[in-house]
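Scrolling down, you'll hit the structures one after another.
One chain, chain A, links the two complexes that follow: it is found with chain B in the first and with chain C in the second.
What follows is the complex of A and B.
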């Protein structure tokens, strides 16, 4: 029974992982990642890690996947243009992947470690991997990593809000709201949009404004020269 | 199942993720492939925790999940900021750092 479940989950994990890499539609790739994560949580269950498996399903399939799907729908990326770049570079990238498989495979299987052939202790104690034991470890032995992880989450949450927040710079076709602070701020210090040269282009800067008829994921060729002043928002 | 099988699955998934990071052009999908690599590492950690019969590895796996979640949040924030600023959401187009 163990073997059957392992092979079903393992093959599903590998196939779904390949799907995320090779599917061209970003939405399908993200859905393939969901399948991968679910089969991975099944593998965690087989390894007597019920709490990690449940957290995997809740955090990844529940929360992170919603983020991915939402941002995917928001950005609205169609199928990504493939093969447009350098084919030799793509082939080289896949060659890197194959080399990595060969290297890690040699490192694992050729290590000659006896323990790898076994599966650990035969009878797992009942408290192994239980929430109570993990919670006790988190609050005693790993208190510092626990606090560091919570602080990291706080920093990430604030950072995401700061990054994705609506800035002062107006979008094309919108009235730009003028605040009193604008008069005091030096040029180029306002928004990220201003920083990339779309609003107050600095001389010689890289201007990446796209005409509104084209989507942001349109093929290259939308750069209107470097640094000419497109003062649509002034 | 012996630990070696789990390590083999982990190695294959890790290599697939690395190839995806190298080939994909959409930053969203690069994040997805990074996710694959982190999960492959998690699988190896949990397999070794089972091998040793100690729960410490599970704590480690949970910390890796926290780091992955933080990375995803910041990465998707950057993608949204790119989209809002009308910068092409394509890593081949993003050759320069400005601002």
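What follows is the complex of A and C.
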């Protein structure tokens, strides 16, 4: 059973990884990457690591790849650039690719192939790969890499927020605290107050009120003061 | 022990031989599928009463055959496909949805004591894993692909918009849903669902009381995850015709529809497992074991009723309201809840 699962997952992983690289349609490439990650999680399951397997599905398939699919569905209309890149850029990317292949090749030849002849560890502890054991290792032996990685993620998140703000160019009215009360009185909702002209539905800005006398279309006879609007009219 | 999948899945506790597991797998499948028409009828009846009308009452006694008639009608309809649709994805998407929904069903524990059925001890759960809660989240993550691919592959603007909304909504609320459960997990010290229920029995109080904030956030985020009102923006009829399933009809539509109700049942059962004490009956310690599954089902029914009640009461949120509610209120609240719970767990005075 283990062998069948291993070969099914292994072949699926290799084929899907190749598909990610060679498929022309970016959407299918991303889907292929999803299949690849799912088969990897199956391989993790076979390696006595159920926690890693499930987290792989949760984080990569569930969050990261959904975003990829999202972006590809929106902007990737199958019109991928052909060729692409200046000659120097191409040479540079080839160099990086070759370096990566060489590094991984050395790593595999140096360590991985010795294990193929063996039959794995004899008796694995029952708690091996359990969440509690992984958590303990993360907070004792691998504390520094763990914290460094989390710091890196924090930097990335803050960077994304800063970049997104700068590109859009915040309107003066938007420079405000994140207020929970915004939900209770949302702007531009088509609410009853906007319908009767009590609020000016300016998207992105504060709700500014319209004085009844401001509008040229409103005849003076109808200016009977719509209840609460007169008090703080500008 | 001849487990079907050998050693590497050793973290899974199987109490029974492999043939009993096979029978159990079919049983869970059958029970899940037979609960769907019941809940479907219950929802329509209850919605009818909320709106001062009788609800379905023509087919069968008290309208009891109505869901079967509906499902039968859908299954015998023509299977059609829009001309531009991407064939295999269009076919596969509802199946992904269905499989992912049904796969969460075995995780619900109905009793912790293996019951003695014809001399064979049988645990009343499909899978009592050490990481059951994470498996639940993993499958709900896979389930979002059913919606995403279905909307994308039917090459229709309404479907596409519904699917894109769905992707954003599911990602946003999954974060809050997961964080809200950290309090429960920290107090129990385990991710196993049966351990969480046991903990509620040991401490003599359901997690609903100490984890009231977490329960609220989990409940709201679950509503968003299973696309129920007021978060049913994926299929907002008034804006998007039918959302991601606009182009679906017949059996494929039935698959989406049934998957939605399986999600509803699993959400109810999951909430009662995590926060309502699972199979425990208040003020009755020595309940016989055969009652346990019915207790869980009764609690599930209560939660499902509340969800239907909410559907009858609340209007749909707007899209930006949905997003800002998820990110600006639920997520910080869930983080705060986790922090406070962590303080109480490690506090020297307790």
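Basically, the second predicted complex is superposed on the first by the 122 of 234 C-alpha atoms of A that agree within 3 Å, B and C clash if a C-alpha of one lies under 4 Å from a C-alpha of the other, contacts with A are read in each partner's own complex, and residues count from 1 in each chain.
The rule is simple: a residue touches a chain if its C-beta (ideal position, glycine included) is under 8 Å from a C-beta of that chain, and two chains touch if they have at least 3 such contacts.
In this text the structure is predicted, and so the values were computed from the model without any measurement.
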Task: Larger contact residue set on chain A - chain B or chain C - done: B
Open item on the list: In the overlaid three-chain picture, which partner chain does A:57 touch, first (chain B) or second (chain C), both, or neither?
Closed with: second
TODO: Please indicate which partner A:109 is in contact with in the superposed arrangement: first for chain B, second for chain C, both, or neither.
DONE: first
TODO: Applying the touch criterion given at the start, work out whether A:153 contacts chain B, chain C, both or neither, answering first, second, both or neither.
DONE: first
Open item on the list: Just checking: does A:69 make contact with chain B only, chain C only, both, or neither of them? Give me first, second, both or neither.
Closed with: second
- [ ] Once the structures are superposed on A, label A:35 by its partner contacts, choosing first (chain B), second (chain C), both or neither.
- [x] neither
TODO: Applying the touch criterion given at the start, work out whether A:46 contacts chain B, chain C, both or neither, answering first, second, both or neither.
DONE: both
Open item on the list: Looking at A:12 after the superposition, I want to know if it touches chain B, chain C, both of them or none. Which is it: first, second, both, neither?
Closed with: neither
TODO: Considering only touches as defined above, state whether A:129 meets chain B (first), chain C (second), both or neither.
DONE: both
TODO: Pick out the shared contact residues on chain A: the ones touching chain B in one complex and chain C in the other.
DONE: 2, 46-48, 51, 55, 63, 67, 74, 124, 129
TODO: Give every residue of chain B touching chain A within the complex, in rising order.
DONE: 1-9, 11-20, 22-26, 28-29, 31-33, 35-36, 39, 42-43, 46-47, 49-53, 55-56, 58-59, 61-63, 65-74, 76-90, 92-93, 96, 98-99
Open item on the list: Applying the document's contact rule, which stretches of chain A touch chain B when the two form their complex?
Closed with: 2-3, 6, 10, 13-14, 17-18, 20-21, 26, 29-30, 33, 36-37, 40, 43-44, 46-49, 51-52, 55-56, 59-60, 63-64, 67-68, 71-72, 74-75, 77, 80-82, 85, 90, 93-94, 96-98, 100-101, 104-105, 108-109, 115-121, 124-125, 127-129, 133-134, 137-138, 141-142, 145, 149, 152-153, 155-157, 159-164, 166-167, 169, 171-172, 188, 192-198, 205-206, 208-210, 216-218, 220, 222
- [ ] In the complex, go through chain A and note every residue touching chain C.
- [x] 1-2, 5, 27, 31, 34, 45-48, 50-51, 54-55, 57-58, 61-63, 66-67, 69-70, 73-74, 124, 126, 129-132, 178, 180, 182-183, 186, 189
Task: Residues of chain C defined as touching chain A within the complex - done: 4-11, 129-131, 134-135, 137-138, 140-142, 144-145, 148-149, 152, 160, 163-164, 167-168, 170-171, 174, 189, 191, 318, 320-321, 324-325, 328-329
